[in-house]
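The same chain A turns up in both complexes below, where it pairs with chain B and then with chain C.
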Partner chain A sequence: MRIPDSILQIDRRIIFLLIGAAVCIPLLLKPRFQDSPTPIVQSIFDTVERLPAGSRVFLSFDYGPDTAPELDPMAKALVRHTMTRDLEVSFFTLFPEGVGQIKKITDNLLPVEFPDKAYGRDYVNLGYKAGLGGAINTMVVNFRTLVNADAEGTPLDDLPITADVDEMVDYVIILSLTAGDPGLKEWIQFAGDIAGIPVMGGGTAVVAPELYPYYPQQLVGLMGGLKGASEYESALVDRYPAYRNATMEATMRMGPQVVTHVLIVLLVLLGNLAYFLGRAGRGNRAGRKGLAGRTGRGGQS
Partner chain B sequence: MDVTLMLWIDAALTLMILSFLYRDNPFYKFAEHLFVGVSAAYLMAVGFWDHLVPNLLGKLFPALMSGVVPGAVGRSPDYYYIIPAVFGLLLLTRLVDRWAWLSRWALAFIVGGAAGFNLPRFLDSDFIIQVQSTMIPLVVLDASGNLIWGASFSHIVLVLGVICGLVYFFFSVEHKGVLGHVSRAGIWVLMVTFGAAFGYTVMARISLLTGRMEALGAWLGSIF
Partner chain C sequence: MRRRIPLIITFIIGVVLITGYFVTRGPFNTLYESFSDYFAIITVFAFILGGGSLLKIHLKRVSSRAADWPYSVVTLVAFLVTLVIGLFKVGNPGGMGGEILASGSWLRFMFDGVYNPLSATMFSLLAFFVASASYRAFRARTKEATILLSAAMVILLGRTPVGAWLTAWMPESLAFLELPNLANWIMAWPNTAGQRAIMIGIALGVIATSLRIILGIERNYLGRGE
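What follows is the complex of A and B.
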């Protein structure tokens, strides 16, 4: 078999192995790729940065464990930033599986990195509410109709952070981390565009292209996939050098991203090169055969 | 649950699923069926406790549900909720062939309600404001009247891209001459869009693979 044909018919399992190696080797070697925030990510950072201490922020974890490797780094970076800025954060989710994602933050990150922050005073978990876009609509029309207690059933009036919250517009910004439907798009449609609350957040790389058209008029900023999370982390580290030694998951995971993308580009180029070389080779052989047939040469003689 | 046990279950299921990359096998099938079963059971439990109990049973029988529905204590029953309860039951008539036609009433209500509820929002957010966002100046000047090259170029690309893309989907006139060239440019715009979306999808999949590899690394780290 000729080289171009053997490249085109390569066993797909060899490609799987190459991709696996491209992911695992950078994970072991931990190379650091310096990132700098693009305007669309910087816009979120600047908005959070400008909020006065004590401002109420609504952070919706609209994703489950299946997309956690992409969205958990965004969640951690946003929580670190909002807590450092002394903002009051209400966690919420439109995904049933989002409850577990919120608990990872409230049970693991906050008590370790922000032991002085108290539940009910600095942050609260409002839990999961069913109803997709309809749930957002209900909250905008009458917040307490849908949310009258936190995830544990404690009435909002009994928690200092939510005692004064009667309407959705009591929150100065809405942040959503989105894995699909419902997510940022619904927050824009049913809260941002109606109530005028600034909406921003992050999405998996799969949903990000759908969300870009809303920027900048309807969406303040967007973190698209792991790259967006990495940019936010770099903005955080630049502004707060104390985080330089913290584990920045997205920055670490950009190593495998870069190596794998280079590998995929090389494979695409190699595949195309083999295809065109193979086609040219077949064309030459067919040309020689045709010429030989017309001049009476070749064949069995 | 013990963290070590969780790591082992996590790693075992990950390896079972990844084994499909070599070829289909019983370990993969087991993990696949387990995933489907657990997901279905989880969503059923969530559907009951987070949908039915607070939104229906808590409204109809607040005294009975006061222990599990926050805010139900001391509330009087809301009998309007009998209507959605009946519609919900009508959906279940699909299980009996003779009465299946009754479920169409509930479905008609769902379709009509959802369409009426979503139409104004989509029309406003995804059409009118989107059109408004495309009406931007092609030449962007700063406060002192100097041309901002980057922003101007970006605006021109945006406006031309939208026009070319729209022309490609305009089928009332044959795509010949100038219209043909613009339509051809529209195809290029679409191809660039699909390429960018594909690139993003690759990034998403690699992120998930990285997450799994990190989990396997944590498992191996717990052994050695």
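What follows is the complex of A and C.
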């Protein structure tokens, strides 16, 4: 077997091992990559930053555990930012699995980092509602029809944070963390465009390209994948240095992502190099065979 | 008659919803609001339909010993166990009145200990297969493939700090050629243009299909039975 062919036919288990190493080694060595926010991410940060304390924010966790490594860091950064700014946050989800993602924030992050914040006063969990994009439409048309209690069944009127919430427009912004449908696109189409509420948020790296057409007219800002989350974290640390020592998950996970991206680029380049070398070799042999045929000599070379 | 009544219902509801969207007063608006509420109620029943359908398909596979039927047994057991634990809030510290995913409940344990890692594992396998597939199939064979390959390389590197580091030496006048800027440009312009074209095409298709359904031209949703 010639060298280009042998390169092209590398056992895929070797590639799997390389990818495994590219993920695990940076996780162990924890290299830090400094990021700076791009305008599309900075726009979200600035909007949250400008809101006066006590403003009502709607944060929808439209994802499940499969995309949590990309979207959880965004959720944590947004919760840290909104809580630091003393905003009132209503958690919600259009994904059945999103309930568990909200619980991770309300059970683990908030009591530890913001012990002075109280459930029902500073934040509330409105839970999951079925109906995909239709649920958003129902909430815009008649909010209390669909959402009349929190996830534990406490009526909205009994919670100080939601007692005055009668319509979707009582929220000043909608933030959605999106893994697919329903997600930011539906929030834009059914709530942002119709009710005039500014919509922004984040999506996985796969979803983000589909959301660019809405920016900046219908979508205030977008965090795309882990990179977007890392940019938001850097904006947060720059503005609030107290977070410098906090665990910034996206910044930490950028290490494996950087090494994996570089490895994939190298593998693709290597594959193409082997392909073209092999093709050139085959072309040369075919040329020599053709020449030998025309001159009546054997094709040995 | 079995086909005519659903067609009439579809026509009336379709016309009311379209009109209610544009006419924000009077009976159309009231009907629009009512139908939105009905929608929220009806979608909940989709879960029952989905659960019933899942049971039917997998029970059939198990009873007929179809290929890979043991996987159907696993599906059925997982479905029924989760359903019972969730419905009856087994192990929930708050009892039947407790929060569905309360700390210490069995459902919370299943979510955190089983569903969460399994789901993350399945998704993370993608990285391995994407790398292997890119290596084997991503070739600059044609002009179009070369453009796609170049854009992918720019995005892959430009979306990491390595991209900035690799092209940091460029003079200010050529800053637009730095990988992060090129990646942002690809996302903001060619990507947006392509996505918009696809979205507008899909939207026109949805409008055309919706009109065909409302007017009764498209009847496939009614099934084959006469």
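Please note the rule applied: the second predicted complex is superposed on the first by the 298 of 301 C-alpha atoms of A that agree within 3 Å, B and C clash if a C-alpha of one lies under 4 Å from a C-alpha of the other, contacts with A are read in each partner's own complex, and residues count from 1 in each chain.
To be clear about the criterion, a contact is a pair of C-beta atoms (placed from the backbone, for glycine too) under 8 Å apart; a residue touches a chain by one contact, two chains touch by 3 or more.
Computed from a predicted structure; not experimentally measured.
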Touching partner for A:L51 - first (chain B), second (chain C), both, neither: neither
Partner chain in contact with A:A135 - chain B first, chain C second, else both or neither: second
Chain B versus chain C as contact partner of A:I19, first or second or both or neither: both
Touched partner set for A:G153, first chain B, second chain C, both or neither: both
Which superposed partner A:V172 touches (first chain B, second chain C, both, neither): neither
Partner chain in contact with A:L109 - chain B first, chain C second, else both or neither: neither
Dominant toucher of chain A (residue count), chain B or chain C: C
Partner chain(s) touched by A:A68 [first = chain B, second = chain C, both, neither]: both
First, second, both or neither for A:Q34, with chain B first and chain C second: second
Touching partner for A:P213 - first (chain B), second (chain C), both, neither: both
Those residues of chain A which chain B touches in one complex and chain C touches in the other: 16, 19-20, 23, 66-69, 97, 129-130, 134, 137, 153, 205, 208-209, 213, 224-225, 227, 257, 260-261, 264
Complex contact set, residues of chain A against chain C: 8, 10, 12, 15-16, 18-20, 23, 33-35, 38, 64-69, 97, 99-100, 103, 107, 129-132, 134-135, 137-138, 141-142, 145-146, 151-153, 205, 208-210, 212-213, 224-225, 227, 254, 257-258, 260-265, 267-268, 270-272, 275-276
Interface residues, chain C side, partner chain A - complex: 32-33, 36-37, 39-40, 43-44, 46-47, 97, 99-101, 103, 108, 111-112, 115-117, 119-120, 122-124, 127-128, 130-132, 134-136, 138-140, 149, 152-153, 156-157, 159-162, 180, 184, 187-188, 191-192, 195-196, 199
Of all residues in chain B, those that touch chain A in their complex: 21-22, 42-43, 46, 50-51, 55, 70-71, 117-118, 121-122, 124-126, 129-130, 132-133, 193, 196-197, 200-204, 206-214, 217
Sites on chain A touched by chain B in the complex: 13, 16, 19-20, 23-24, 27, 66-70, 96-97, 128-130, 133-134, 137, 148-149, 153-155, 188-190, 193-194, 204-206, 208-209, 213-214, 217-218, 224-227, 253, 256-257, 260-261, 264
